[in-house]
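For reference, the structures are reproduced in the following blocks.
Two complexes are shown next, each including chain A; its partner changes from chain B in the first to chain C in the second.
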Partner chain A sequence: MGSNGKIIRKKDLNFWQRMYIPEIAKGLRLTITQMFKPKVTYQYPDEKFVPPPSFRGRPVLVEEQGVERCVACGLCSRVCPALAIEVQASETELEKERYPIKFEINMVRCIFCGFCEEVCPEEAIVMSNEYELVFTSQEEAIFGKEKLLTPIEKLRPRLEWLKNNR
Partner chain B sequence: MATEIVLISLLKILVVVLTILTCVVFLVYIERRVSAFVQNRVGPNRTGPYGLLQTVADVVKLLMKEDIVPRNAYKAIHDLAPIISIGVALSTFAVIPIGDTIELFGRQIKLIIADVNVGILYILAITSLGVYGITLAGWSSNNKYSLLGGLRSSAQLISYELSMGLSIVGVLMVSGTLQLDKIVQHQTTYLFGWLPAWNMFLQPIGFITFVTAAFAETNRLPFDLPEAEPELVGGYHTEYTGLKFGLFFLAEYANMITASAVITTLFLGGWHLPYVEYVGLSSFILSLVYVGTFCVKVAAVMMFFIIIRWTLPRFRYDQLMNLGWKLMLPITIINVLLTGIVLLILH
Partner chain C sequence: MARMTIDGKEYDVDPKLTIIQAAAENGIEIPHFCWHPSLSVAGNCRMCLVEVEKMPKLAIACATQVADGMIVKTESERAIKARQAVMEFLLINHPLDCPICDEAGECKLQDYSYKYSIGYSRFEEDKVHKPKRVELGPHVMLDVERCIMCSRCIRFSDEIAKQPVLTFTQRGDHVVLTTFPGTKLDNPYSMNVIELCPVGALTSTDFRFKSRVWEMSSTESVCPGCARGCNMQIWVRNNQILRQTPRLNEEVNSYWMCDAGRLNTYKPVNSPQRLKAPMVRKDGALVEVGWDEAIAKAASELKSFKKNELAALASAYATNEDNYVFLRFVREVLGTKNLDFVRHVVEGDEDELLIRADKTPNSTGLKLLGVGPMEGGRDLTGIIQGIKEGVIRALYILEDDVASVPEIAAVLPNLQLLVVHSSIQNKTTEYADVVLSASTYAERHGTFTNFLGRVQRIRPAVATLEHDRALDGFAMSRWDKFASHNDRWGRPMKRDARPTWRILTALAGALGTKFRYNTSEEVFKEITERVPAFKGLSYAKLGSGGVTIQLREQAAVPAS
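Presenting the complex of A and B:
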C-alpha cells in the first residue's frame, strides 16, 4: 500500500494471466507431471533408513577385546546436560586399572547432544546409528552396561568419522 | 402394471444408491492415493492389496467411535443436519440418465430413476437444499467456528447458485428442453459431420462457469471455505463424531459424484460415446457400452476434481465473493445473450 492508500503493483498481470484459465492449465500440467515422479517415502518397517556416520543415535560404550574402553573417569556424567548418565567406578587387574562397575544411561532423559562423546578422553562412549527406542515403562528406559556395550566393529564408521571431523 | 413400475423403480433406486455408496468408498481411497502421488508420497498402501481396504477400515473405525453431542448443542437439529446432507446428496441422482434404454426380460427399461420433465430445475432445487444440512450443523453445534463455517457456506452457495443457474440457461436454449434425457439425446448428433455436438463445444463459456460453480457447490478446493481447516478447525463438522461425522464425509463425496454426473450429462454428452453407433453392435451390448461410457466420463471428471484440489490454493472470502458476483454473474448473463443472438441468426 502506498501512503495514499493506493495499491502499488510493480508488475501488472498481462491479459492471458488475468483470464486465469491458461494459468490453471499450467498449474494442472505441473501437478500431473509431479504425479509420475519417483516417490521419496521409506516403507519404514520393511525398508529402514540407515543413517550416515555423522548421525547422533543412542550413545553406546565401545567394547574392545571383550572389555569396555571406559575408565570410569565420570566426565560424561559431569558434562551431561540432562543428567542422564550415572557411573560408578571400581578397580581392575587390567592395565587401565579402573573400570565402571555400573554404567547407566536413562534414555528418557538423554537428549542426544553428544557431549559425552565429545568429552570422553578414551573415545569410550560414542553415538551409534540406532534410532529405534521404544519403552513401555520408566524402568525399561534405563540402559545398563549389558545394553550399552557394543563391539568396536559395529562402530568403525562413527570412530572413523570422529577421527576426520573432530 | 402399477406395481411393476414401483418394483422397477425400487430396483433402480437400490442399484444406484448402492453403486454410489460403493463408489464413495473407492473415491476416498483414490483421492488419498492421488493426493499422495501429487506430493511424491505413496499414500495408504498397507490395508489390503494396494491399500484398497483402507476406507473400509476407516468406516469401521468411525462406526465404533463414541457419538458425542456437545452439552449446549441443540440436539434434535444436531442429529438432523447430517441426515439432510446425505439425503440431498443421494436424491439428486434420481433424474440423471445413466444410459439409454436397455432391454431386460422383454421389457424396455429406461436407465433413469425418474424421467422428470423439469429435471434441471429438480437438480437446482435439491442441491440448494444441501446448504441447510451444513448451516444447521454449524448453528446447532453451538461453536463459533462451526457457526462461521455454516454461515460462509450459505453465503457461498447463494452467490454461486445464481451463476450456476444462469450457465445452465445457455444449455437449455440450445437443446430447448428441461428434460435431462432429451438434453443427452440432443448431444448425440454431430457438428460439421464429425465433432460430437457436446454442449462443452457449443457452450464453452457456460461449461467453464458451470464447472467453477459446481466446485463451489460441492465445497471442494479452491472453494472449501466452509471447512477451511487452518482457520476454522474443521468448519461445520468440528463438533461431530462417529457415524454422524461419517455421514457428512459420505455426503461430501456423494455430492462430488453427483456434481460430476451433472457436468457429464449437461456438457460432456452424457452416456453417448461418439461414433459407436456406426460399429453395428446389438442393441443390448450398445446399452451396456453407453452405461460404461457414462461411468468413465464421470470418473474422468472426478479425477479432475481431485487434481484441481492440489493445483489451486483456497480463495480468500472477499476474493470468492468478487469472483462470484463481479465476474461469474456478468459472464453468464453475457453468455445467455450471446447464445440468444446466435440462435436467432441460425434460425
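Presenting the complex of A and C:
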C-alpha cells in the first residue's frame, strides 16, 4: 500500500511469473523432500513425549526416605503469582521441626512458572515432567499431598538439572 | 531544654532524655535491639552506636544522655561501619532458619539485615549449636540458637512481671538463656516476652507454626477479658482468629497484655460449640431455625406475659450499643421494671499491672448507661427471688452465661419462657426456649467502657454471614483479597450471628415498636445525645486509642 492508502500493483511481471508455475514447483519440492525426512510427530496418546529435564511440568513435592522434604515455610505460597498454593504447617518430632499437614496446589490456578521451585529453600518442590492434567471438576483440580508427593528417584534428572543450571 | 543537632538538623529536647529517646521523639529511628521504651537500659546489643562530635569513640544512643550543643551523626561513615560490624557479629551464630521461624516477617534482626547489614556472610566455620525447643513455661517456647542475648525478656520478667526467673548462663558465644533451676516462666504476663524478643528465640506455644505472619490480617480491637480493656490486635486468617497481640496504649495497657486475655478470649470465637444459627425449642429440643421464625417466636411468646411477669438481664460482656438498645427495649417494648445485670467479679484475681477482678469488659459502661432496676423494679436478687416464687415467669438474657452462677442456675427451670442472646452453647442456652445467635466481640463494631471510664472501639475481625470482608471495610489479607469460588481457602465458615442491637431492633419491630438503627455508629450517636456521660463523643473521636470520660457525672435516664 502506498502512503496515501492506494493499492499499488506490480505491472512488470512477465508471462511465467504470471502463470506461477515455477513457484508451485518450488513449493512442491519442499513438500516432497519433507515427506522423506524422519517423522517428528508423536502418535499421542499411544506414544508419549518424554520431556527433557528442563521442562516445567506440574509441580510436585520431593519425598525422601518416606517423608517430604518440605518444612512448610510457605514461601512457595507467598511467591506464587497465581495464588495456587496453600500450605498449613504443623509440628513434627523430626529434626526439621515442622512439616506441611496440608499442602494443596490448585492446578486450575497454576501457571507453571516455576517460581515455587526457585524460591524453595529446601529443594522440596520441583517441576516434574508430567504434563497430562485432566480434571472433570474444579474440586478435582486441587491436588493434595497424596497426589503431590513423588519419590526422589523419579525426580533425579530434574534435581540434577537444577544443580547444574541454577 | 537542650539544643542538639541530629544528622544536621537542630532540635530542642529535654536534657533528661537519652539520644535514642530524643531521636525517637523527633521521628528519627536509631536501630536497636536491646533498648525498649518501657524497660531499663541494658546497652548490650551495641546496635545503636552513633557518632557524637568530640567523643573519641562511638557512643551507644540508648545510654548516652543528651547535652546542650551535642552534635550526633547517625548516618556518618563510622556509624554505618560500626552497625554493619555489629550485624555481622550477631549473624555469625544466628541460624539461617527464617523459613521455619515464626518470627520471620516481623523480625527485627531480619529487617535490620536488609537495612543495615552488608548483605552476605564472611563466616565459613560451623555455627554454635545450642538447645532448641526448650519449654520455658506453659506458653513460651525457647530456641537458644536464635537468641541474640539482648536480655529484654530477662528485664521484663524482673521489672514488669516481677517474676525474676530468667537469666543468662555461660560466657562468650556459649551464652544460654535459661530459667533458674526449679523455676518456670509461668507468670500471668509471660507471653509478653514473645513480642519483646527481637528475634524468633521466644515463640508462642499456642501460635507455634499456625501461620506465617504475612498470611494474616490484623484488626485493632480491645480485649474483653476483664475491666481493663487492653488494646490489642486480632490476627485472622481464613476467617479464624489465630492470635491476639497487645497494641500500644499508654493510658490503658502500655505495651503489655496478660496471657489469659490473649488466649482465653479468642478460643470461644473459634469454638466448635459456637451457634451456627438461631434456635427455637420444639418438642423439648432446640432446633436451628431462620431469623424470621426465631424473632416471630420470641415476639409471640413475650406478648403472652404481663409486664410484671417479665424480667431482663443485661450483660457487661456486651457493648455499650447493645446495652443501650436493650435498655430502650426493656423500657419501651417489654415495659418491665425488673432489669439488672450479673457482675462477674473474681475476688483476689487481680494485680497492680493490668488484671482486674471484674472479669467483664463493660460493667462501667452499664452503670453510666443506667442499666439497673427501675423505680419499683427488682434487682438481680429480687429477680431470682421472683422466679423462685413464680411471680416472674419470663426472663430475657443478653450475652451472658448466667447459669454459671449456681443461684441463678437453680431457678432457671422454674421459668416458662427464657429468651437468650448467646454466641455459644452454654449452660444458659440449655434452659432456653429461644436462643438468638449473637455475634462475638470479634465480629461486631461497638464500644466498651473500661473501669477508668475509657471508651474504646472494638472492630470486627471475623466475618459472619451478614458481612462481606471487602464491602464492610474489614482488614484484608492477600488471601482475602484474591479468593474466588474455586479456592478451598476462599470458602471459610461463616456463622449466622448478628450483633445484639440488631437482633433487638428486629424484635422490637416485631413487637410493634420501631427502632431506627442501621449501624452501631447510629446507636452510639444516640447514646452521645441522650446519655450525658458520653456527650460529645463519636466513633471518629474515639479513634484507635479511645477517650476517657468523667466517671463522676451521673448516668441519666434516656428520654425516648
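As a convention for this text, the second predicted complex is superposed on the first by the 135 of 166 C-alpha atoms of A that agree within 3 Å, B and C clash if a C-alpha of one lies under 4 Å from a C-alpha of the other, contacts with A are read in each partner's own complex, and residues count from 1 in each chain.
Convention: a residue touches a chain if its C-beta (ideal position, glycine included) is under 8 Å from a C-beta of that chain, and two chains touch if they have at least 3 such contacts.
Source: prediction; values computed, not measured.
Counting residues of chain A touched by each partner, chain B versus chain C, the larger count belongs to C. Shared-chain residue A:Gly74: touches chain C; no touch with chain B. In the superposed pair of complexes, A:Gln43 makes contact with chain B only, with no contact to chain C. Look at A:Asn106: by the touch rule set out above, it reaches chain C but stays clear of chain B.
Contact with chain B, but none with chain C, is seen for A:Gly27 once the two complexes are overlaid on the shared chain.
With both structures placed on the common chain, the touch criterion links A:Leu94 to neither chain B nor chain C.
Of the two partner chains placed by the overlay, neither chain B nor chain C lies in contact with A:Leu13. Shared-chain residue A:Met35: touches chain B; no touch with chain C.
When both complexes are aligned on chain A by C-alpha atoms, no chain A residue touches chain B in the first and chain C in the second.
Taken together, the chain B residues at the contact with chain A in this complex read 34, 37-42, 208, 307-308, 310-312. For chain A in complex with chain B, the residues that touch the partner chain are 21, 24, 27-28, 30-32, 34-41, 43.
Only residues 99-100, 132-133, 208-212, 214-215, 478-479, 482, 486-489 of chain C touch chain A when the two sit together in their complex. Partner chain C is touched in their complex by these residues of chain A: 71-75, 77-78, 83, 86, 89-91, 96-98, 104, 106, 108-109, 121-122, 138-139, 141-142.
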